[in-house]
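Letters A, B, C and D mark the chains in the order given here, with residues in each chain numbered from 1 onward.
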């Protein structure tokens, strides 16, 4: 009894704190009570005089000359991360495709325990979340942080140790899962014993990035930097708290599980994706972001609201009502940061549409940014109790998860890779046309995937809510949509293979860019 | 901040003047927010928002669908709705109403001495006498007393009920050998029940839903042969292939017999094919009214009414079936006094032997 | 936003706040409830079976959290009453799940108590339901020429039976079925059991609204 | 895309001229405020949820204390209500009985001699077969209420019958009922009046028991029920050792044999849809189906059902006893017999049936997934009932005493009389 009343108070308190914080922030911005970032700050990413030319990925940019020292210093770390990320992308995609096939061809691979759906799907998730998206994001972080801070990346050796540890841990974890050794919580399947290696790897990233931030040569921390620096702090905390063995059990473990799982998306993958987009969109276009002050609202509202949305995965479940409502309310409040980010990024792109034609990486990144807006809107709506009744427990949720983690985060990171690699290696992409192919395979594949599962999921949910339909109906009606998902997934995987081919080929290509860069330096 | 581009430094003088605009914008924003909330809640309150957004309970929407599905609903709505059982008062009048209802629903148990067959009032007056077009009691009560051709006199409600006991309940075969005597509590309680049920209806006017409703004339003459097929297909499941109804494990009648010694006698209204056809059309099979076509209803009514049953109680002593036919039955559309498969309809069963199997080909008189 | 330390401190403080509300506070409330009356700890065999359940990833298609009747007809499907926090007191790891590609299993021991059924279904779900998309688990079974005295032989229709010999369940399969058979949560729920009553609240509000409209008519 | 020329539409160096004044667009404000207001409303509503929960808890404690008070002395008023709900259907409102069918309780020699204790035994175990009360012969089947009434409820009913309907002074308390339940709770129904001899001293002469020799079931049936075959699972492994069913697995004990046989044949033919039962039925011969149907029809077992779907029991009772004609639904008991004991061969007993099974089947009829009722009668009824009606009626039926077993002679008679009606499904 006592505890219920206290919690009732706490509940109100939590939301009030968030609201107050947001109000103060907006008031402060409006009344210039604090130093709010403005257009000048937004130009931090540019050198003086820069910002009038599109930053072509395959053409030396005059700005690169000034930065070449910085880039050269971080390029090996970045390339290690990209190579590992793309490996896990391919590995994870293949497992995802196999798991998808198993759902409509259940007897296809039923001979071995390692290939059963429950394990293939888990390997897929861990590979793409921790192998691909996390490392891809870190590659972008290690590339962008030194650039926006105008200083060399510090402790690159430690970073490389981190990369090695992380990949060893991940490989061990994935093997463990395939062989049935798992912690059994979604997003936290890797056994905690192996998590120690991963945690050590993650820790190796924190110190160098903070050290780099400390030694920055600019006054203003550009918005990408907020997201990245907060993200690299948040993730290790989340990861360690969630994986402490013996502390969590029962329903409390479930709330912890979704606190973690959603925060991995909201406070780790999303900051990586948003931060990357915040850097590359204006950088490639050559203009600062539109209405830069809004980015402050976007960031802090994301931190305040996204951090408490996790329990919307347990709507209608055995958790206290207040807790669910808290997460529902915060989910809907996510409209605020998303709109802020959308205005920043989309208006910048929309007033420079010509750049989309010019730059393939920009096409990936701004497509991803649009998907972030859509995924977040969808997520807010999905968290409403009435909508959730239909969509929860169905493949609609899977479509939504892929809209966020794939169409948004992955596409942004792929664009970043296409932008970074030529600069980090000093080489051209050997098969530039394949980039376009990759883009369209992913977009079309994803569209097939998304609409199949969205429609199928809604029908599945409605069938399960209808007491007059036997459960079997919800399975039978879903089958064609599951087949559609495999088709879309196949196209997406094919796109990833093209990325991998390009990446391998660039490794064997002759250096070409450096000479041109030298020529330009000479010309200047 | 060494990197500021000169062209991007804003003219600082503008800052002050933009203060006023900030206030204006704040007012606009608060107003806009309130308008959004108000509009949204209005939409929800007036049911304009889609149900998936408001989270309408499944019960509600299902009930709406169910209402939409049953097409007869609109027609039903225009009919008189008798009060709910829960509105029976708790006083002495209410007790009488409840007793009347008990008699109505289980006549054999609660008016045991006056019932000579296996039927209850509610077998034909469905839903405890409340169902429209199955001769509801709320439609009968306001039109009594009235003149009836059947006995050529003004009938009070008591007279009318006595007639029911005499014919439909075959009181001649009951333990007491006849209907309840005038002034019996059985009449008092039944009338209390009917009175309570028809509260609010004007007297002297026949309300819509009275009787068994109208049925069109059949396209073809009713056929016993076709009726037999209809019966086997639609009626035998409940009333038995032999029309003798069914009892539960304790011998309690569940489905009433339609003919034979334990059914209504030849004086009952239901022996008339037109009455039976209307009843069947509008009420049978239970829960699926109007399932049978007009022709099928007539056919199966003819089949049911062309079987032996207890004799007309007026046909006693020296009165032969032919006499009775000429006096009471010649205007009726029925099988009384006619031969069916060589067997004369009407002689009934020897009195005092109601329970025995009907004797075959017995001559009139008895 | 020009200094790193305030940024870092505030960011971590926000996360701490979220942890307080999403993990610590509900954790305290839930542990104050304790296990539901009627819930028994897992037996050794059940715990082994549960480990098989976890390791096979059953979680990814089967939830273990029947919804309330105000929200969904789960109980009507025989999936059991709406679960409360106390019903999971002995669960580690929890297996609440987020998908219903297959049916909810919270009450499977009540709904399908037959060991023989479960074994057939695990060996080949399509032997029972042709439409099923559940994986088969042949590696939880072995093919023997002749069943030993303690072997549990799987009953199989001709289409899926081996040409000769019999299919017997390995210990893993037997444990898994023991776990499933033990999934019975039909004891009376504690009246103050913790669960999301949001849907009941909505339904109540709507009922009040309807009552008000009918009354005004 | 390699050799792209610089774009001719070069961006202006002095882009974003209004950057300074366009701080935060007012739509952002509006949306943020609207969401905040909405959030506060949501949270206020949830805080009422906290209160609701608290109230329930208080109510629970109150209920408990009333229950405790009841344990001391049986509440005769409650007994009267329980009598009206459970007994009056057959024995009459005042326990006057029905001549030739149901023995009287008011002024009954059995009650007078045996007192509340004997009534408790009979209510708990049920009684079937020949019985003399006040010199009149009866032959009926009274179901066992032990599994559907609590000790308190039985003590109230028995005390009411002994002291309210008769002038015995001695009541019986719930703990005493509990003691009787321990000894006799799971025994078979009394075998007619003769079975009462050991219970009631000086009972007037009772007819001889005619208990039909139930006989050993054929070995084949025992095998099918208890162990199954090489391909088919044991019946009892789902339906329970006593055929009482569980959840969506139906109670089979006491259902009419022809009904059971028809369902198995329908599963075989695919006219009734259930994967597991189709699998089983396809593995059974016609002979085995017949034997199994008889086995379960002649089985008597306590109720394994209790209301569990939060159905409105009042509404359920209304639907079961009176129906709701405004939605075109006649009373369940109109066809399934008084108290839902069933009417062989086509109308199965529905009393003490598992509530999830009943609700689920009604839903399946509504949706058309089940369509094998005679004349399609249940389809119309299923469609007319909404979700809460289905749960209400299912829960009410689950609260009833189970139907008594059918004896074998009756079954044999039925088999020879009932024409098997094929092909009239739907």
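In the analysis below, a residue touches a chain if its C-beta (ideal position, glycine included) is under 8 Å from a C-beta of that chain, and two chains touch if they have at least 3 such contacts.
This is a predicted model, so every value here is computed, not measured.
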Comparing each chain's Cα average against the average over all protein Cα atoms, the nearest is chain C
Which pair, C-D or B-D, has more C-beta contacts? B-D
If you average the CA atoms of chain C and of chain D, how far apart do the two points sit, in angstrom? 26
Quick one: chain B and chain D, Cα centre-to-centre, how many Å? 27
Centre-to-centre distance between chain C and chain A (centres being mean Cα positions), rounded to whole Å: 30
So what's the Cα centroid distance for chain A and chain B, whole Å? 66
Of all residues in chain B, the ones touching two or more other chains: 5, 8, 10, 15, 22, 25-26, 55-56, 58-59
Expected list for chain C, residues touching two or more other chains, is 73, 76-77, 129, 197-199, 201-202
Which chain D residues reach two or more other chains? 13, 19-20, 23, 27, 29, 31-32, 36, 38, 45-46, 49, 53-54, 57, 275, 359-360, 363, 387, 390
Okay, in this complex, where on chain D does chain A touch? 1-2, 4, 6-7, 9-11, 13, 15-16, 19-20, 22-25, 27-29, 31-32, 35-36, 38-40, 42-43, 45-47, 49-50, 53-54, 57, 273, 275, 359-360, 363-364, 366-369, 382, 387, 390
Touching chain D in the complex: which residues of chain B? 5, 7-8, 10, 14-15, 18, 21-22, 25-26, 28-30, 32-34, 36-37, 40, 58-59, 62-63, 66, 69-70, 72, 76, 81, 85, 102, 109, 112, 126-128, 130-131, 233-234, 237-238, 241, 246-252, 254-255, 285-289
Touching residues on chain A, where the partner in the complex is chain C: 3-4, 7, 10-11, 14, 17, 35, 37, 102-104, 106-107, 110-113, 116-119, 121-122, 180-186, 210, 213-214, 219-221, 223, 226, 229-230, 233-234, 237-238, 241, 248-259, 263, 267, 296, 303-304, 307-308, 310-311, 313-321, 323-328, 385-386, 389, 392-395, 397-398, 464-467, 471-472, 474-476, 478-479, 482
List of chain D residues in touch with chain C within their complex: 45-46, 48-49, 52-54, 56-57, 59-60, 228-234, 237-238, 240, 246-249, 275-276, 279, 282-283, 308-310, 356-357, 359-360, 363, 387, 390-391
Listed in rising order, the residues of chain C that touch chain A in the complex are 1-4, 7-8, 10-12, 14-15, 17-23, 25-32, 54-61, 63, 65, 67-68, 71-73, 76-77, 82-85, 87-96, 98-103, 125-126, 129, 131-139, 193-199, 201-202
